[in-house]
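One structure, pasted below without further comment.
Every chain is named by a letter (A, B, C and D) in the order it is written, and numbering of its residues begins at 1.
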């Protein structure tokens, strides 16, 4: 979702990159008027064959109509066919997601679907996964430049005092985005603003970019210093993991939690909750020492597979895979396991969600379109928990218990 | 690549998750003998329709033969069709990659292809991108458990003394993996080993997992304490960004660099190198303050699109998007711009690289199969640089220069 | 400042640690009634001599009256004599600090005073250091425990709705502390509250601890769930560096900035501003890659020496040394250099500030007592900038220019 | 320890900062020939009185002979008297430290000594603290600059091939420093070397700086490119916390560990081991989410007080307070508690260790002089553990159990 970062005042077709040939290599064929057609796609595949000798026969096999692709891709040439496996049922007892779900996972990594499936089965035996979206913030974070730190600080006060006007300017650009609050962080003579929004069922990076640009222009035009700014001072940390995301949320902050009885874990996974908890200490310490973005097992795997299947902006795996596992061994031996995804960026509207296979996968989850993003976020988190339960148990069952049996655990 | 983490001694088909129905929801249909067939896929699509009412018509449209999918997916049901746009030519002057490349980008995010394309054009006008793989390490990181810290420390010395034997045990499990070194990090009575390998043209997570399991078992069987261990102590940070990855490399550490003349940047992007450098300071500070995984613009976007197109393990975007931008403004006004991806995990062999559309996209880059992974890594890094040049310039052209023109920069 | 964390309802003298001898080693002599006397101190020195053979002759040489030490130390035995060197004049043009200051630096590290002194001289030639306190937050951060994430989220809303009552409860315990806002961060079924205060001229850790305990008890008594809590959930990050401190401020966030003409830098330091800026890029990248708490040179050195001299809680160097250097090379060759200390914890009242030598050193800066903490914070930041200018220049003058002269910089 | 960073070839007395008066403020009196005398100190105190009106009467009260201070401080004016309280006995069962120790804590923070004392008593009842130094590395980390990444990579190979020569060059500058290994980290066309040493009983920052300068000059003179370098590329992270320190050790990596029976903890602290472990999960998560340098309670407090008392470079609290707490609740209810200080920088020789009160405090611990640094490091770690046990128990006893009693823990 890079649209807002384009050079304003230029449309895409006007970009010189498309109209002139600049390097020794031949230019990718493009038709200014009618580029989103099967003919153009075929022409580009032929171009590839000519230039590189590579056939794109399978790439050229698809059912999507090129005419629907403006806004999703340029220089359309064909598709990647990513295999989808079905995992489930995943029993979710959330606020928005309730019931049994079959989760489409688009992946080329063997065992992934089976592993998530196994975790879902275990959690089903435990009564399912509770899920809750606990926070919701999408942001764009400009930096304003001043002569000195004092000016920058005063500017911050001015921003607080003019929040209503700024909000009005920002929200004028969007129907669904709502400016919630502006975080401020000063370094030297720079004042970074982290402008936070709720964005309805869209992921919202474009929406917040556009709204924040309007906000910045309003500020620039109304603040007596007419301050220079840059639309991103890098603390939105778009498409990057960051500690600020983990702390202050980016996208949805969503919790999946379950209580796992020792008996069920032993029966299904061959692992004791006590061992799980012992291992939790080791994994926490390892994650802390190594400065990891996640102290659980592998949120990225399930999320990526769901993101590809459902038309999410898959690059947001960079942010979305971060999170915090928090667990307790209860006195009765049950294991409380929670996963909190602190920066889950998802949409059920806009972006790739309306493309044919992607929409079908969202519909399969009952998550296509307006009013569904909370439900989808909850299913994502529940899936992550299932995958973490499964992989963690596998690690312990394979390596840990063996040595445990041989050697005893408290010699 | 989760294979090595399966419960050893059990095959996938024996897993109870597949043979019993455990929850209220109906079980996904599966045929133990002949599951990788179009009939089974269709049966699952019908199951979905029955259970959820959702049609998977487009998902069912594909040219991949289900029979090739064992090892890539379970419960195969169809495919995600992810549109591919073509960017290029990208002129690369690397060690392994030389010449003009057309880069297939599988994405649903509008502007992405156009933006990378524009960056490639600019870099082409600057003579292209130099690329170098400067380090190469894939790892699995077990933790060994001892009674006290002194035992754990002694164990570390023992490991150093027995490195050759450990290497022999590890390498017996793989043809292409080579154990390079074992990093050691102690916390309390735990000794974390970070076992490093080169893995040929494979990404190597499975290979290193299997080899390290063999190494651990050799250690357990030969060390006088018969120590307990867990195959992952979480400092391999598989599928997670981490600082240890950034410091010590995970996968390929690859540099893309270019020198951009001020004149070219102004002409193509409408931005001065001086402004770029001024902005670099702001972006560096923003990234540092927010604890970001990358201090450049958006490595994740290009990498994700390439990963989907070429059959990489896309979840590795979690690790691969991390990196460090380092730039200097030269005395003549040229801008030296480097991007170092510190944990780029890629393959040209194994995983999803052999699937039909994925293989075609690798072939289009001349990167399919043995001996190509360095070349592919270099093209990835060059693509990232192109995208960063383009987006950064867009940010400045849109917001910065405007205010600059109006207000002057050194009032 | 650990007082608030004591077991409530017990006074210090009642603690069993003091009244029984528990180990094989002899107990440190203590007089319950009259422990803060020279006799008792001498008795303890004699005890040491007897137990260990070590003479504490110099430790026993001091002018502080033991009778003033309750609240500052237990088992008083003597003093550490830490040499103080005087650096200055440091010319500061701040909001609170204006004019020339002589900075007392208590250190045993040779060159430190000389190095800071040199930096102060340079900055004086540049017109001095501008300083601004841009934010001010001290905090205690309890965690509240719930059955599930939904309860925890609802609790968060309840806290927002009852902020006035919570503030009243908190502020009833303190004359100078003001509760400013409560940050909330949820993980699983835990709701972390980061309760922020301004604390007048005190550092405020005790004050905020006490006030937050009152707030927590009010919450527990009034919220329908009567939730369990722990007074610190570790995100106050007391006595630890943290990213949350860098982002959200702990103590004072204070900026020191100066514009350094190339001519002055060359004359005084033998270094060009261009070289400084080239090196800035290298240092920024190094700090980013290594996950450092500060991307400048050595804030810890000057701060520690000032903290010891002036009776600060020196352990707060852990937090206070963190910060962000932000610089720009201006078009005329001048160098804008700013240092932002993001978590500077200082006091001019309470703690050790009233002890004899400590008070004298504060008085020497015109910073003793009420209404002085902003001034002191500004002098701290200006001192840090002086030290960073000096050390950075030394690094470049010693190693960089030499090779530069020999080899040229743009071959 | 800034000595090696001075401008080489200049002695301190030749620095212009001392010989010219540059600013409006009056210059601090200094005598080039005989500056380390009581007369000069008194003259400076008089100067302060004249300039600022502040009396330095107590600062002027000391027993240290100014003549011993060259190398420790410049512009000596007097001393800070920092009160010392005695905690102990601390029972240590380490490799180097064995027996009961009385720990001198120089602090102005009330409760600190009492709190550590209480923890020592508890640990004494548990049989004392086991301690082990598990790693030892001091470093200086230059960066070498090249035209491109390929050159930089080749340089890295050259360094590996010439390690013996480099070591010889480095070790020629020092009697006790031994170059152990050179870590390499490349970013763009920069090659960062992290040169690691053991440094005997000194902290070693100066020693390693000098040795590394010699190594760099040898490299520059022998490598065909005659590469430019800067002595610190900032990844030594001198005087800063960093993740690289936590991972790769800076100074001593030392573990303190104890097994605490539930009965003892309840009797002495009024807290159950189960509660401690429940709280551990909360504190770990809080530390992880906030990006903290330490996931224990307050290492900085005890270390700072010991550092001031014993003449350590107190600014190293910035690095030394970092670490990792790792704990397990054993099946019998005992609590295994370990603290690993990953970057403890200490000395028993050089720096401030030989000054009168500082030496006395080291002697009191049996840690003055050659061959004692391991012992001192172990006592430091044991003290930290005692303080963490005490404070953590206090938090729980005060706030946790109360609510627990009222409400029950597993409703």
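In this section, a residue touches a chain if its C-beta (ideal position, glycine included) is under 8 Å from a C-beta of that chain, and two chains touch if they have at least 3 such contacts.
In this text the structure is predicted, and so the values were computed from the model without any measurement.
Of all the chains, the one whose CA centre sits at the greatest distance from that of chain B is C.
Two chain pairs, B-C and C-D, are compared here, and C-D has more C-beta pairs in contact (counted per touch definition above). Spacing of chain A relative to chain C, judged by their CA centroids, is 37 angstrom. If you average the CA atoms of chain C and of chain D, the two centres end up 16 Å from each other. Inter-chain centre distance (chain B to chain C, centres taken as mean C-alpha positions): 41 Å.
Those residues of chain C in touch with two or more other chains are numbered 185, 187-188, 190, 243-244, 247, 282, 284-285, 287, 289-291, 295, 324, 326, 409.
Residues 243, 246-247, 274, 278, 280-282, 284-285, 287-291, 295, 324, 326-328, 330-332, 342, 409-410 of chain B are the ones touching chain C in the complex. Within the complex formed with chain C, the chain A residues making contact are 95, 130, 132, 134-135, 148-150, 152-153, 156, 185-190, 243-244, 247-248, 253, 255, 257, 291, 324, 326, 336, 338-340.
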